[in-house]
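Two complexes come next, and they have one chain in common, chain A, joined by chain B in the first and chain C in the second.
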Partner chain A sequence: MKKTLLFIAMLVSAISFSSFHFVDEGGDRLLGVWEPSNGRARVKIEKIGTKYYGKIVWLKEPNDPKTNQPKTDKNNPDPTLQNVPLKGYRMLKDFVYQGSDEWSEGTIYDPLNGSTYSCSIKMDDPNTLNIRGYIGVSALGRTDVWKRLAIKK
Partner chain B sequence: MKTHHLTTLILLAVLFASCGGGKTKTHTLKDIEFTYEGPLFEGSNPAQYVVSVDLKSIFGSEFKEGMSIDRAILKKAEIFTDDTSGFSGINALVMSLASDNAELQMQELAVINPIKPDAKSAELVPSTEAEASDFFNEKQFYIVLDATLAKDIESNLKLKGNFEFELSY
Partner chain C sequence: MFGSVWPLRNKLARMNSLFVYVLSCCLLIGSTIDLQAQVNINPDSASTEEDYSQYDNLDFAADGAKRFCSPKIEGLSPAKLISIGYDYQFGYSIDADSLNRIYPSPGKSNLHPQKAQILRSEGIRLAANIPVISKTNLVWQLGANYWEQRYTFSNPDSLQNPLLLALRENALRTAGLNTTLFKPLNDKQFILFQGSADYSGDYTLKNLMPLQYLKYSAALIWGKRPHEKKQWGIGIARTYRVGELNYIPVVLFNYTDVANKWGSEILFPARAHVRRTINSRNMVFAGYELEGQSYRLWSSNLPGSAVDLNKEDLEIRRGEIRLRLVYEFSLRNFIWMSIQAGYRINYRFDVDRLASGKEIYRAFGFASKEPYVMLNGLGNPFYVNVSINLVSP
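Let's look at the complex of A and B:
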């Protein structure tokens, strides 16, 4: 009887460990460098703690044409942070993996107008993301298709 | 006349209570070490440090069960380098806070851009609008320090920081 109970306990812990491990690995498929449909930037998605963040690592026009200096976040609503370099800025923040190739609870920042929107991410295939930015409810939003830079086979 | 005095005293007491309700304490996170593992690439590279929040040790004898932080403002953020070449090769530093709590959004708190290359320490300019009490009411949070590099670096990079917060409770 004791042996049976021990066996069941080990089986349950093995199953729970493997499912937890699977969920974690699934979320990490988002990691990598991605390009939005307009091709003006490249965004590297990284993990901090248990959440996912995407920062700008390449800009088609890295310098401000007026000053010829590297662009900064000049539209940030907080004036003290308008000096943050745009290259390196985290435009995707705080995404939580929900399973089934979906990440949500995050935000997307538009440096062109300094606005932050709610955002969810759906992975269509290992090299394609549907990034949906919205205000309030997801139905009132816009989806952009991002492509992975180093194609995964 | 006595009633008049009493009314004035009550009014003063009410005024005093409404103005002096909260207390503040300066809390400094000292010698926080950030390690950037090489090879590092030109551009922004992140390093993080996990802060375990222990209100008991922050407040000592003033600690009370169930107490919480009402306001946390970054007053000073200073970053040091042991490297003899100072901050040569580092163009900018951005400090942010992050949490595993899905309800809490990452928050940028301070920036310096550009950095004097020969400086041994860099004082970041704290945001005048950011408020970080939610992070101090968590069990732990992350300090993320993004270093923007001018060029690729093969080796590791180490920076240390002191962060002074004013906590209202």
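Let's look at the complex of A and C:
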């Protein structure tokens, strides 16, 4: 009886933890802070559950020059989201690691025009990402190269 | 008896409690993590407070990594990946010259000049531009386009002049391939190259021209992008924009003001527009575009024509200035519509005869004073142009 109870406890624990702590070493190489090619922002990629998300953590021009207030998502087509601060905004969402240094099934949001595109990420080397935003099919898109950032030496 | 059983039952009860406790902890931790994940995933903005100043002092992780300037500036109208449009010019007159410079014989009266009224000229305009390479240090794009211009005359049966007969029978068509290379030199300077090969004439699918009549245009620009809202450049272009071949200096100047309301999109002398941004999905432009091409007269055996233009080595040099207002707006997400209206001013619609199969390079009269074989006059109509566009991310 004791052994059965212990076995059930271990099994339940294992199932619980494996559901929420699935460790994917390859996929986690995406984690970190990255800079898009335009240098206007820095994006921190985090893992939530089994998916990867990227939020804006730094803006070259943090304040709106018109109002001198922190920039908000004023180009969002949804008026209720236009006052959401850009700093902290999740512009990359729902990426799933596919193996072979590729993450897909995600979206990228462009705060400059308020559009959300399908997106896939390919890691060229540990410090370089090819981020391809596209419309429907990958051919109708554009690739941007992001560089990994680290604390200044 | 009971005294010996109670400790065992207490022990079992404690174990059961421990098991329930461990199980509860597992489920609680799991569900807490799940709940946390859901809380964090749902909003667009990350909910947790964070000290963002920690991201101020970062630099590239890789040694030797460089920043390069982008081909675009903030606030620029979106690049069009696919464009399907229609161009319509309202009625205007045409004064077609005689062909007496080729055929001086006075006996051929149907080579005489003729004036006619064009009720409308119209045609579809298709274009596609696909990025092939989009790297930080190189952007390469390939494109294709097809334009046509059909002429409807008020008195089609009375036409005798060979040029008017050619315009009556067949549309003027341009099918082209183009490429754009953007090469940033560093975070401020860049080189831009654009090249195109155009297949232009009054050909039809059943009567295509040889590829030797392709017309090649190109532009090479060196530029600077001092900040995210301004880029400028100077360069040289080989162009047919005013109909005949020219080599001209070009100036690029794209600008957006601090408030993101006003700006300019200029590639002088090809086009220049002032931009008013209503919001990121609604823009109005005012300005002009120089539009032109050199069309091979390829039609043969036109009904009623006294000469076979196909054998005469003739090309129409068409150049026009389009003064216009353009309204571009997002219909839905990436689908944009462009509506333009304006006044088309004729610059040239003359016919040139190639010299031993080679086009004459005049350099605005400095290199050659060889006259055109037909000097035609066109009235200046109003026009509209509507297109649906799939815009680039």
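Everything below uses one rule, namely that the second predicted complex is superposed on the first by the 127 of 153 C-alpha atoms of A that agree within 3 Å, B and C clash if a C-alpha of one lies under 4 Å from a C-alpha of the other, contacts with A are read in each partner's own complex, and residues count from 1 in each chain.
Convention: a residue touches a chain if its C-beta (ideal position, glycine included) is under 8 Å from a C-beta of that chain, and two chains touch if they have at least 3 such contacts.
Remember, predicted model here, so these are calculated numbers, not experimental data.
Q: Quick check on the superposed pair: does A:Tyr117 touch chain B, chain C, both, or neither? Answer first, second, both or neither.
A: second
Q: If you stack the two complexes on chain A, which partner ends up touching A:Thr80: first (chain B), second (chain C), both, or neither?
A: A:Thr80: touches chain B, not chain C.
Q: Under the stated touch criterion, which partner chain does A:Glu105 make contact with: chain B (first), chain C (second), both, or neither?
A: In the superposition, A:Glu105 touches chain B alone.
Q: Let me test your reading of the model: by the given contact rule, A:Ala139 touches which partner, first (chain B), second (chain C), both or neither?
A: second
Q: Check whether A:Gly88 is in contact with chain B, with chain C, with both or with neither, and answer first, second, both or neither.
A: both
Q: So, A:Asn63: does it touch chain B (first), chain C (second), both, or neither?
A: neither
Q: Can A:Gly39 be said to touch chain B (first), chain C (second), both, or neither?
A: After superposing on A, A:Gly39 lies in contact with chain C but is clear of chain B.
Q: Of the two partner chains, chain B (first) and chain C (second), which one does A:Lys55 touch, if any: first, second, both, or neither?
A: In the superposition, A:Lys55 touches chain B and chain C alike.
Q: In this superposition, which partner touches a larger number of chain A residues, chain B or chain C?
A: Greater contact footprint in residues on chain A: C.
Q: In the superposed arrangement, what residues of chain A touch both chain B and chain C?
A: Touching chain B and chain C on chain A: residues 48-49, 51, 53, 55, 57, 81, 84-85, 87-90.
Q: In the complex formed with chain A, which residues of chain B make contact?
A: 43-44, 46, 48, 91-92, 94, 96, 98-100, 102, 104-106, 108, 111, 113, 125-130, 142, 144, 146, 148
Q: Could you please specify the touching residues of chain A with respect to chain B in the complex?
A: Within the complex, chain A touches chain B at residues 46, 48-51, 53, 55, 57, 72, 78-81, 83-85, 87-90, 93-94, 96, 105, 107.
Q: Report the residues of chain A in contact with chain C in the complex, numbered from low to high.
A: Result: residues 2, 5-6, 8-9, 12-13, 16-17, 19-21, 32-33, 35, 37-40, 42, 44, 48-49, 51, 53, 55, 57-58, 60-61, 65-66, 73, 75, 77, 81, 84-85, 87-90, 108-110, 112-117, 125-128, 132-135, 139-145, 147-153 of chain A touch chain C.
Q: In the complex of these two chains, what residues of chain C are touching chain A?
A: Against chain A, chain C makes touches at 15-16, 19, 22-23, 26-27, 29-30, 33-34, 37, 40-41, 43-46, 50, 52, 55-62, 65, 67-68, 70, 74, 78, 81-82, 130-131, 134-136, 187, 228, 258-259, 279-281, 333-334, 390, 392-393.
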